[in-house]
Amino acid sequence: MSAPPETATNTAAVPATGGDAGTARRPRSRSLAGWGFALPFALLFLVFTAGPVVASLLMSVTDLRGTDLLDPFNVDIVGLDNYLRLAGDEKFLTAAGNTAIFVVVGVPLTMALSLLVAMGLNSGLVRFQTLFRVGYYLPVVTSIVAISVVWRFVLQPDSGLLNEFLGLFGVDGPNWLNNQTFALPTLIVMGAWRNLGFGMVIFLAGLQAIPKDLYEAATIDGARRFARFRYLTVPMLRPTMLFVAVITTIGYVQFFEEPFVMTQGGPLDSTLSLAYHTYNQFGFGNYGSASAMGYVLFVVVVLLSIAWFKLLRNNVD
Amino acid sequence: MNRRLLATVAVAALALSACGRDAEDSGPQQGEAVAGGNASGEITVWAMGTEGEKLSTLADAFMAENPEAEVKVTPVPWDGAHNKLAAAIAGQETPDVTMLGTTWIGEFAKTGALDVVPPELVDAKAFFPGAWETGIVDGTSYSVPWYVETRLLYVNSSVAEKAGITSPPKTWAELTQAAKDMQAKGGAKWGIYLQPGQTGAWQTVMPFVWQNGGDIYDGEKFVLDSPDAVQALEYYKSFYDSGLSSRDRLREGETEPKLLSGEIAAFVSGPWNIGLLDELGGEGKYELWPMPSGSGDFTSFIGGSNMSVFKNSKNRDAAWKFVAYLMRPDVQVKWYQTVADLPAVQEAWDNETLAGDQQLKVFGDQLDKAKAPPSIPTWEQIAAGVDTELEKIAKGTTSAADAAKAMQSQASSIGTGG
Amino acid sequence: MTEHLRSRDRVARAALYLVLSSGLVLVVGPFVWMLLSSFKPEGEIRAIPPTWFPHDPTLANYGNLFDRLDFPTFFTNSVVVAVLTTAGNLLFCSAAGYALAKVPFAGKRVLFGIVLGTLMVPSIVTIVPLFVLSSNLGLVNTLAGLILPYLAQAFGVFLMRQFILSIPDELLEAARIDAASEWRIFWQVVLPLCRPALATLGILTFLASWNNFLWPLVAATEEETYTLPVALALYAIGQNRTEYDLLLPGAVVIVLPVLIVFVLLQRHFVRGIATTGLK
């Protein structure tokens, strides 16, 4: 982990061999301590999270349907059939494409916006911190159903705010949610709007951890704003950025509420997301194949997260 | 670490080795009879939405008649109710009685969790035939219809008047003409609004198929691509092609103001829209037309909710007695007065509260000729496929014949889940 | 030189205020509409074009809400579940996060990998198995059953681990040299430094728990165990229509505790606390 440069003077005083006397004993007791800290979590996790996950994984290699629920072992094992059939499922492929666009565009957009807002609030130039923080966080906490009502009003083709605004410039806005080209971008913008508060909160916490005197030292050394950002903020913010990147990616790969509430996947499946398609399949009772879909989502997320880890990992890791 | 991994794999393999389907027995079954006398003991009931909220009034009356019984109603939100029921069945934490949407019966019956309706509990003929059919799966009756709903045309009265329409259109040709007139002479932007595909559109379009003598399933195979069905789809398509109906979907809360303002001359909906329109101050400004008819026996869709009892109920006799109580004509009338749900029992319609209401009369007449989709576990999935094809028709990206073929092949490959 | 800085700062400040405030209007707008509309009769809520200020303001919606919903019960359930879930997560996740970040022990990477992995499984996949498990454990229809599955979340461990990683090792080494036990190091050195992260985790966990809908819906078989979101959906969202005159006041009421928690905890996003440990 990158230590703060020269300013931390006491580090030089720590003798490299200071722990000799107890080194033989330490690793084991520290290992035990480590497990001691992790145990309550590990236990709860194993029972309530890992257990159901394993069960659903088993589900995905059977042809379990809703009608088998009373007698779940009374099903046939179909191996990887559920997974392989997905390649020929037209809706699945469409949903995959939509989700890919949503993630590739939405994640960077949301992260950038939330980082910018966090930095703006953190710059020391702005008062009314609480007001701004609460304000930007509001979309995250407000019920999606209430939000959808308002957004639908804004996006209405004839009397909606957006088209009226565009009309001032002589632009004839389309029927956003019913238009095959514009429906998905609209939902991406809506998603970024909704989720930037989450990233902002995390980045604010991360930014607090960067000591102010580092900035002062850098300014005195003549570093301009952007250089300070690039060589000081970004490296120190890496673990936080990794966290926001992975969590946002997970959230966007599973994006569901916006299409569910706003467009029901339409028009013509242009806003159908993988999570929505999976949800529908669960609704139809196709538990086996829906679980398989869920795990495909999982694999996608894992791959993307590995990519993020490689990009933003700590040097020590 | 490796040992743990091995252990997990071993457990998984063991679990999977226990799997395997048995051969299934089929054939219509008879329910067990219910003992006579009053009900006693605790009866747990699940009901969704407003019905769940208000059912306690009927429960209180039931308990007054059956002092040793205790009815506990748990209201369940519609949003997520299907998931909740599935989980409850899987975890064997089901109540005694539950309300079920008509399109859910097929699938929940097939789980084996529902008890067969006892013979002589209720008279099948007392109900609207379309409604009673919704409770029958593979020839066995698993639920009793509680309340029903059907679809018909809501029309802006002044637009219709300006268009010179004096009586509701009775045939397809007349309906098209009426829509044209209301658009040209009545001043409406859209002569009619038919849902352009997406969830639930089949409830608007299948009636056209039934009106034309076609059907979804003939008892042995799907017939979604029959010539009658294709003609119905072409009729549906014609509204879009001739600019009578908007190709853009209107959301909840958008159609009512547009009807009252006259932007839309007519739309297809169910009884709940009466309340919605009246709330917007629309009372007296709209009228109800029955769906047109053709060579078929049926003209509209019937839906609603049924009551079922779970097989592992601890108080089966009392549970069924409560269900039978809800089906008494006087109780059905009282229920209508409480939540405005249309009674499934035909005799209830003779009561003056319903018989005297002009708007209700149109619904009542329609219910005699209303049909439901097949009660098969896979219906929701097939319906979703139908809705997708309907959207393509409405947006003009496919022909009626191709859409019918696609619907048929999807339905056949999904099967009846039997 | 200082004059130059100051005027540049002033321009930056003005620009910043402009941008942030415009953004604020956009993000707060829908909430303001929701709040104002909760005082309108249903007809006006549905009116097209939509209105901002109520033409006929009324408290009837709120009255209706409190009449129809057994508020005390649902509110208490939600509070108990959310508070206990948050407290548990703060404790367990920071402990596990500390272990994963700073304490070398066997199996550490595997545990982190598994934890991270389950974070990526879509939650709907596990609802039914989780319910069957809860049923076997006798947890159905209990508040404990609503709390336990979410008492130690992968998300929290991930957050704390990432944050604790950025605490300089030298601090911890210094404490270890002083023969402090791991537990003391955790309590007295690590946790105080983690205040912003703990505040964040507290906010996010409380929010997720408070707004959780699907699990409380499935796990409660009787109305007395319902939490607020379930109860609100029950009354406001119908099969064929949404009752906006209940939904909007309900949404406002549900959001208030979360905002209060947020306002209370975000005070810890304050500079200076994090740096004291280094001096």
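Read from first to last, the chains carry the letters A, B and C; within each, the first residue is number 1.
The rule is simple: contacts are C-beta pairs under 8 Å (C-beta built on N, C-alpha and C of every residue); 3 or more make two chains touch, one makes a residue touch a chain.
Keep in mind that what you see is a predicted model, and the values were worked out from it rather than measured.
K.L.:
Where's the contact count highest, between which chains?
P.N.:
A-C
K.L.:
Report back the single chain whose CA centre is most distant from the CA centre of subunit C.
P.N.:
Chain B.
K.L.:
For subunit B and subunit C, what's the span in angstrom between their mean Cα positions?
P.N.:
38
K.L.:
Distance from the CA centroid of subunit A to that of subunit C, rounded to the nearest Å?
P.N.:
15
K.L.:
Could you pull out the residues of subunit B that touch at least 2 other chains?
P.N.:
83, 86, 90, 92
K.L.:
So which bits of subunit C are touching at least two other chains?
P.N.:
48, 128, 132, 237, 242, 244
K.L.:
At which residue positions does subunit A touch at least two other chains?
P.N.:
69, 282
K.L.:
What does subunit B use to touch subunit A in their complex?
P.N.:
Touch list, subunit B to subunit A: 8, 12, 15-16, 18-22, 82-83, 86, 89-90, 92, 107, 110-113, 197-199, 248-249, 251, 377-378, 380-381, 384, 388, 391-392, 395, 397, 417.
K.L.:
Note which residues of subunit C are touching subunit B in the complex, please.
P.N.:
42-43, 46-48, 68, 107, 110, 127-128, 131-132, 134-135, 140-141, 213-214, 217-218, 221-223, 230, 233-235, 237-242, 244
K.L.:
Touching residues of subunit A toward subunit B in the complex: what are they?
P.N.:
Of all residues in subunit A, those touching subunit B are 54, 57-58, 61-62, 65-77, 91, 152, 157, 175, 178, 264-269, 280, 282-286.
K.L.:
Per the contact definition, I'd like the list of subunit A residues that touch subunit C in the complex.
P.N.:
1, 3-4, 8, 10-11, 14, 18-19, 27, 30-38, 40-42, 44-45, 47-53, 55-56, 59, 69, 117, 120-121, 123, 125-126, 130-143, 145-147, 149-151, 153, 156, 159, 193, 196-198, 201-202, 204-206, 208-209, 211-213, 236, 239-240, 242-243, 246-247, 250, 254, 275, 278-279, 282, 287, 290-291, 294-295, 297-298, 301-302, 305, 314, 316-317
K.L.:
Could you please specify the touching residues of subunit B with respect to subunit C in the complex?
P.N.:
Touching subunit C: residues 1, 48-50, 52-53, 72, 74-80, 83-84, 86-88, 90-93, 95, 101, 252-254, 256-258, 270, 272, 276, 279-281 of subunit B.
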